[in-house]
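So, here's a batch of structures to check.
Two complexes are shown next, each including subunit A; its partner changes from subunit B in the first to subunit C in the second.
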Partner chain A sequence: MRRDMTINLVIFGLLVATAIGAHLMGEGFTVTLATKAAIFGLAGVGLNLALGYGGLVSFGHAAFFGIGGYVTGIFASHAASGQPILTLPFTLAGSNEMLGIWPMAMVAAGLAALVIGALSLRTTGVYFIMVTLAFAQMLFYFAISWPRYGGEDGLSFYVRNTFPGLNTFDPIQYFAICATLLGLALLFTAVVTQSRFGLALQAARQNSQRTVAVGIRPYGIRLTAFVLSGMIVGLAGALYADLNRFVSPAMLSWHMSGEIMVFVILGGVGRLCGPVAGAAIFILLEHLLGGVSDYWQALLGLLLLAIVLFAPGGLIGIVTGSRRHA
Partner chain B sequence: MHEPILELTGLRKSFGALVATDDVSLTLRPGEIHALIGPNGAGKSTLIRQITGEIRPDQGSIRFEGQVIDGLDAAARARLGLARSFQVSSVIPDFTVLQNVMLAVAGASGNAFGLLRPALSDHRLTEPAAFHIEQAGLSGRAGVKAAELAHGERRKLEIAMALALRPRAFLLDEPMAGMGLEGGRQLTAILSDLRTEAPILLVEHDMDAVFALADRISVLVYGRIIATGTVDEIRANPEVRRSYLGEAA
Partner chain C sequence: MLLLAEQALNGLQYGMMLFLMAAGLTLVFGVMGLINLAHGSLYMIGAFACAAVAAATGSFWLGMAASLAAAAAAGAVVEMAVIRRLYARDHLDQVLATFALILFFSEGTRWVFGSFPLYLTLPSALSGAVTLPGGLQYPVFRLVIIAVGAAVALGLWLLITRTRLGIRIRAGEADREMIGALGVDIARLYTIVFALGAALAGLAGALVGSIQSVQVGMGEPVLILAFVVIVIGGIGSVKGALVGALLVGMTDTLGKALLPGLLATVMDPSSANTIGSALASMMIYILMAVILIARPQGLYGARA
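Let's look at the complex of A and B:
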């Protein structure tokens, strides 16, 4: 327990130290890489709540990532054009305020998670994986065939959204925003998984028959976890859109769902900071090997295979020497 | 005559051509231990699962404390105080003993949705849990992971979880299975105390324990109850001797 906490602090500290170090050495690009790691880590932390703690193997979390991204892109592009997003049933104007956009992104992703979760949680196992995938693919094809917001080409917005008192264009300041949100999400996860709800969620994963026999219905517990998970991933999507000032259907594709899952598995399923470590390693490998060979994904595949076969606790499990803790 | 706590009327359940429960009617009265015995495959566990709501009977009805519970799911029945243990012990393996029992306390309270308060520092969970752990004879083992418990201790953990439900009736499916002589004796004493909390429907193969504990015994063979009576009546019943006790002796 204490050892896990130390590792969590070390992982988070390393990420922050990398960004600050790079900033001091004038390596703006590395700061941006660290920012990407923080954002992907946040997406992984979100998925981990469902996958790691709840045992809900969702292969459709790109849906929430993409929705968060599109909400951001749509608000920003309307703010630039001055046209309202909606006039009916009420007028909804665009915005370039992050503090206004994030809640929208999270609510939209949360509602989508509520609908997708309510339907897919009626299935289990492979069916659950397929149903979540199918919903995300539906959104993917919808985005491709929706010309208003760029369709296949995606949607660019030229100015990063704003945050009061900060210059979001400065890489280190934008990193600070993303890292703070990541920290808050980690704190939230730590608190939630230790609560009554967290107890019920983890019990339902391990033995749902027993959970029912003490009077707890797994469905509502899992649905709540799925929605919270979707909201966190939606926030990550919003940050990612702002990082690139661009959203495209790729954010909704099954590749993205797979990548988020890879962060979690690589770092350690059901480990608080596992997804952060997983995302950081993923980005490091992509950066180091992506230039050398187009086949870096194959190497990643081998690494994943090794982890799944020999170290199911992920990288964090290797360090702590234990599989998992409740 | 007391109203029965639990009353099964005309229950019937088939799996394909196999009739696992065949017109079973049975009552559990306040304060009693009602043992359900019968050979393997007689349908004892299937009957328990219909009472808990894990499976639905094809026909018949179940009343619990005067209320028809046919429409309630398993979680709702558990919250009413129908507490069960499983034939193959069933606990949350990665949780400690304390966490397992806290889970049951949370379930019984009907509030498993507190998101922010740490469960381990919530006295409304930890205090009752600690009490029931002691009651089930597991003092000093609260911090041990359930997966690391000895078989007999896991049985006791199931009892502690059942107690945490503030039970109005216990449904215990072969609680002595695999306990060994000493463990069986200990558990017999614990079950004898449990009766003061709530009546017990006890499925058990260990005839010594059944004869020591039971107020009434029902004998189930091929899904049918062939006899119900006191210990002495059942011991003397020729049909029971032939179809069940005879085999066992």
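Let's look at the complex of A and C:
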């Protein structure tokens, strides 16, 4: 337990130190890479709540990532054009305030997670994996064939949204925003998983029948975890859209779902900072292998395969020598 | 009316192609309990093998044979090198490992063949159209795909119900320890089943590659649809895969052909077109959600 806590602090500290060091050396690009790692880490932390602690293997979290992204893109593009998003049943104007957009993105992702989760949690095992995948694909095809917000081409907005008191265009300041949110999400996860709710969630993963026998109904607990997980991933999607000032159906694709899963598993399933380590390593590999060969994904595939086959506890599992912190 | 008949045949052909993919997936899942995301890569390998051999020899038929052989061989190698280590793992590890295999195969293929799509030329006996009763002109090759799908369905049914291998496959689904104890070489059985599924996927890839194009990433959309098919049909059931495949093929094709027109009767044409095409591309996923809400184990699934 102690050792895990130390590792968590080291991982988060390394990420922040990398960004600050790069900023001091004037390496803006590296700061942006660290920001990307923080955002993907946040998405992984969100998925980890459902997948790691709840045992809900969702292959459709790109849906929430994409929804967060599209909410940001839609608000920003309406703020630029000055036209309201909705006139009926109430008038909803566009906005370029991050503090206003984030809650919207989280609520939209949370609502989607509520519907998807309520239906998908009727199934278990492989069916659950496939149903969540199918729901994400449904949204993916909807985004592709709905021309209003760019369809297949995606939607770009030219100005990054604003945050009071900060210049969001400065890479290090945007990193600070993302890293702070990541830290808050980690804190939230740490508190939630130690709470009565979190313990019941983990109990339901370890032995569903016994949990029922002591009088806890897993369905509601799992659904709550799924919705919380979706909301965190939605927030990550909003940050990612702002990082690129672009959203496209690719954010909803099943490759994205797979990548978010890879962050979690690469770092270590059910470990607090596992997804952050996983995302950071993934970005690093993408950057390093990308320099070695244009076909870096083949190398990445081999590396992932080796980790699954020979180090099933993920990278943190290699350090602590245990399969899972449960 | 002719249009409707043509679209129904298109749906049937699409369904049969999905069945070739789904049959292998559902067998592998039923017998080994394994989720194989890399099934789409085997489909792609089949298509590339067909295109490469057909280009080198000039014979479409040799290409077809090569697609079966290459996909089956790739399947057997992958099973022995990687998949074998995953049977005892949970689904999460299986998903990740086979996702890694996709990355490897897709980029590997791009490295060997490049990013440009390849095209296959059909032999003259199979190209062109025939006139069906009722005056409908329909491409011969699409009819061939329907026939191949039907033949494979019949063949699989005979294999599973009438042969010794089929008995072993069914026994493996029921109780894998017991058939091991009775002296069946499980490792070999698993390799054979995996290679059989891979060969069917490779055949589907070569057939579709012949009417569309052969390119990297072609397996992924089909893979997802094949998963939808086996989830609808019930995982592990070949009959479910056939029914699910036809249902998905028909829903998708007829939805895309008819929905915009149907909506145009109740709203203005341009928004009917937009909403219709958006809705049509979501139809099969809606179908799947509805079926799973009514029957969480799929239409013919025994285990939930």
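What we mean here is this: the second predicted complex is superposed on the first by the 325 of 326 C-alpha atoms of A that agree within 3 Å, B and C clash if a C-alpha of one lies under 4 Å from a C-alpha of the other, contacts with A are read in each partner's own complex, and residues count from 1 in each chain.
Everything that follows uses one rule, which is that contacts are C-beta pairs under 8 Å (C-beta built on N, C-alpha and C of every residue); 3 or more make two chains touch, one makes a residue touch a chain.
In this text the structure is predicted, and so the values were computed from the model without any measurement.
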Q. Put the two structures on top of each other at subunit A: do subunit B and subunit C fit, or clash?
A. fit
Q.
Going by the contact rule stated at the top, is it subunit B or subunit C that touches a larger number of residues on subunit A?
A. C
Q: Could you look at A:F142 and tell me whether it touches subunit B, subunit C, both or neither (first, second, both, neither)?
A: second
Q) Which partner does A:T18 contact after superposing on A: first (subunit B), second (subunit C), both, neither? A) neither
(Q) With both complexes superposed on chain A, which partner does A:S58 reach: first (subunit B), second (subunit C), both or neither? (A) neither
**Q.** Contacts of A:T189 with subunit B and subunit C, given as first, second, both or neither
**A.** neither
Q: Mind working out whether A:T35 is in touch with subunit B, subunit C, both or neither, as first, second, both or neither?
A: neither
Q. Which of the two partners, first being subunit B and second being subunit C, lies in contact with A:T162: first, second, both, or neither?
A. neither
(Q) How many degrees, to the nearest 10, separate the directions from subunit A's C-alpha centre towards those of subunit B and subunit C? (A) 80
**Q.** Per-pair minimum CA distance [subunit C against subunit B, superposed on A] in Å
**A.** 14
Q.
By the touch definition above, which subunit A residues appear in both interfaces, subunit B in one complex and subunit C in the other?
A. none
Q) Can you name the residues of subunit A that touch subunit B in the complex? A) 191-192, 194-200, 202-203, 206-207, 209-217, 220-221, 224, 324-326
Q: Mind listing the subunit C positions that touch subunit A in their complex?
A: 29, 35, 82, 85-86, 89, 91-93, 95-97, 99-108, 110-111, 220, 224, 227-228, 231, 235, 274, 277-278, 281-282, 285-286, 288-289, 292-293, 296-298, 304
(Q) With touch defined as at the start, can you tell me which subunit A residues reach subunit C in the complex? (A) 51, 57, 59, 119, 122-127, 129-131, 133-135, 137-138, 141-142, 144-147, 254, 258, 261-262, 265, 269, 295-298, 300-305, 308-309, 312
Q: Quick one: which bits of subunit B touch subunit A in the complex? Just the residue numbers, please.
A: 52, 54, 73-76, 78-79, 84, 86, 90-96, 99, 102-104, 106-108, 110-120, 122, 125, 145, 161, 164-165
